[in-house]
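We just call them A, B and C in the order they show up, numbering each chain from 1.
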């Protein structure tokens, strides 16, 4: 190997966040924190909340699917359990959600232990199928056992009690408190990803993803670490579910246990860039506005981006209402075919391209 | 006892159609090692096509198979050439996601075009039945079973006795070896996906007189198809046939003896059990 | 006391006996060769020893302890590590991270793991490429990476499966030197190889497998003069 040259194919791997990147991230968080003070339109806060929820979903899945390489397409099981646990405790036992959420966490841990013990014996596509089946079993059970879950009728939230927190009285009536809770959850999930990636766990998860048998032969207890990845992922997803229940105020088995929830969770992570910290954030930033515009084009009018007699709004309302799932489908196809490493993958390839052009290209193809 | 016989019989009749779905899916997996999550949507397209042809031209659903099957064959061939072919070497997880995406596009495009309203296709004999001793046999189900048997027979003959069919089987057994023998594996892949889609579409046509028709009807069938295929062993046509019958009967018995609302759940539980304990299928063929 | 004892190990796949009643032992600090024609059952034996699958019959005794049936991660933690015939780099991770995965088997500290990993990379002379993605390395460096990775798990015995396969003479020589260096560190090694010259050079003892059975065992000179071994490899005409 001639020194100073970059052999083709042996790209230098990016190492964590550089100083400018870290400052940029802190700036974004700061902006997000003061956003509600600057913007008065509740619709913008609503978008922010949806964005945070999507980040939580995508980043939570990333721990299991991105780092450990176990593609669960049944994560709605944990989302729904979090939603139902929090909702039912509030509605039936008057337990406020800031305590109820811990029950959601416990439920997710128990559920993930059970599901893990069943499904982790399977690999690749069989694991995917099993994960889907488990979520479907739970959804069908929730629909059927009406005495317990009220079946298809679902749960409607009455009201959330006042939270006496650090001398403040937080009323969950406007969107603002939800915004801050959402931001907090998103940050927690992102930090969890960061902590995993830069820890012994992260190394073991990624080894399992890259080559399970090799990892096994290097002293890694596959069952243990797969289950740890799942537990972390499940707990974070359940937190998202609990938050969703409190914000949307209505849940039923199909809206929280459905396979489209599971698919959406996977999508958020894949579109941005699977196995990265920023990937789910980017994925959320792409998917949330897209689906909101399609679901509710009037929203664009509400924020003043379009005039109220806009032809675009009329067209979307007339023809594309609820087309957001269609767009999801198209997005999946496009991403898998052309950018399986997501937006971040495209960016990275572009940057690597410029770096290669800078290095003197005198080494022959190495592989 | 009559109840038992009755449910087993209906289970078998429905199971025949399930077998068609399973055979299509297993062929696709056998030849390309692709797990087609859009299989149910292909069936759904078959249902809608049948309904359209019936509603606008009055053609009997069983007769319109002559139209639906080739149409779905062409559609499947197109899907294979345009999309599936590009990801044959990709991670299985990505393959699954791609087919999930295609399925979402198909079901939601249909939803935009036809709305989510449930459609029904009622023929003059939709609720007719005849009696064989103590049990009553639904006429549409009996006809579809008969047609399924004929199609399965034809397919078996095609795969065993024709050059093209043998080429398909060879590709399924060992793609590289088949290629080295001069078989155009790209073409057999297209054909396999086409045939698989045609079978799914035909199954859709067969059940159109007895099921509600709506855009999301596909996903339940996709999962059922997987249960069938795993039960019978991925890639085994005979296995898929048996698997279809088993699933049909299990569902029927579960509806009667457990609870109607839980019959799908029971199928999933059986599925998980098979995945865990007999992943190579009940027929036990272990394929690499 | 022998560090590794293989006692009457048989491995059946359905009706096929991939290993049939194989018995031999390996003395600590030595290099044991395991040779035989293709399909003789050498890798199968490695897999049985390291827990990839359990032997159908027989015992594997490592450092006085029966290890047949233990999971591969347990075997590694007990001090026996193996490389793979078909190299298995953790492709999307860097060279350094690959070796760190091995190092983290014994330590919880990332810093200690990083130091240990860099040390092993220096031993195999891959330290300049620490930040490169493992998947982009040429075959010779992948083999060295795999050796560095298992060395990081601090084994007392190393099983090398055709570690010289597919390498040019210069790369093979590098590996041979590496194996001899590893011997100097006190590790025991068992080496599957097809390169006869290398085997004769480095091994203290050699076991020969043929069609799943142990055909012969002895020093390199004994083996090279054994007519049955020559026949097995080269056919009747040469013997």
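Convention: a contact is a pair of C-beta atoms (placed from the backbone, for glycine too) under 8 Å apart; a residue touches a chain by one contact, two chains touch by 3 or more.
Everything numeric here is computed off the predicted structure, so don't read it as measured data.
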Original post:
Shared touching chains for chain A and chain B?
Top reply: none
Original post:
If you average the Cα atoms of each chain, whose average lands nearest the overall Cα average?
Top reply: A
Original post:
Of all the other chains, whose mean CA position lies farthest from chain B?
Top reply: C
Subject >> Distance between the centres, which are taken as Cα means, of chain B and chain A, whole angstrom >> reply: 33
Subject >> Centre distance in Å when chain B and chain C are each reduced to the mean of their C-alpha atoms >> reply: 48
Original post:
So, what's the distance in Å between the C-alpha centres of chain C and chain A?
Top reply: 42
Original post:
Can you list the chain A residues touching chain C in their complex?
Top reply: 1, 3, 7, 9-13, 15, 198-200, 203-204, 206-207, 209-211, 213-222, 275, 366-367
**OP:** Please name which positions on chain B make contact with chain A in the complex.
**Re:** 35, 83, 86-87, 90-98, 100-106, 108-109, 111-112, 219, 223, 226, 230, 259, 261-262, 264-265, 268-269, 271-272, 275-276, 279
**OP:** In the complex, go through chain C and note every residue touching chain A.
**Re:** 50, 52, 71-73, 76-77, 81-82, 84, 88-94, 97, 100-102, 104-105, 108, 110, 113, 128-129, 131-133, 136-138, 149-150, 153
Original post:
Of all residues in chain A, which touch chain B in the complex?
Top reply: 71, 73, 118, 121-122, 124-126, 128-130, 132-134, 136-137, 140-141, 143-144, 259, 263, 266, 270, 319-320, 322-323, 325-326, 328-333, 336-337, 340
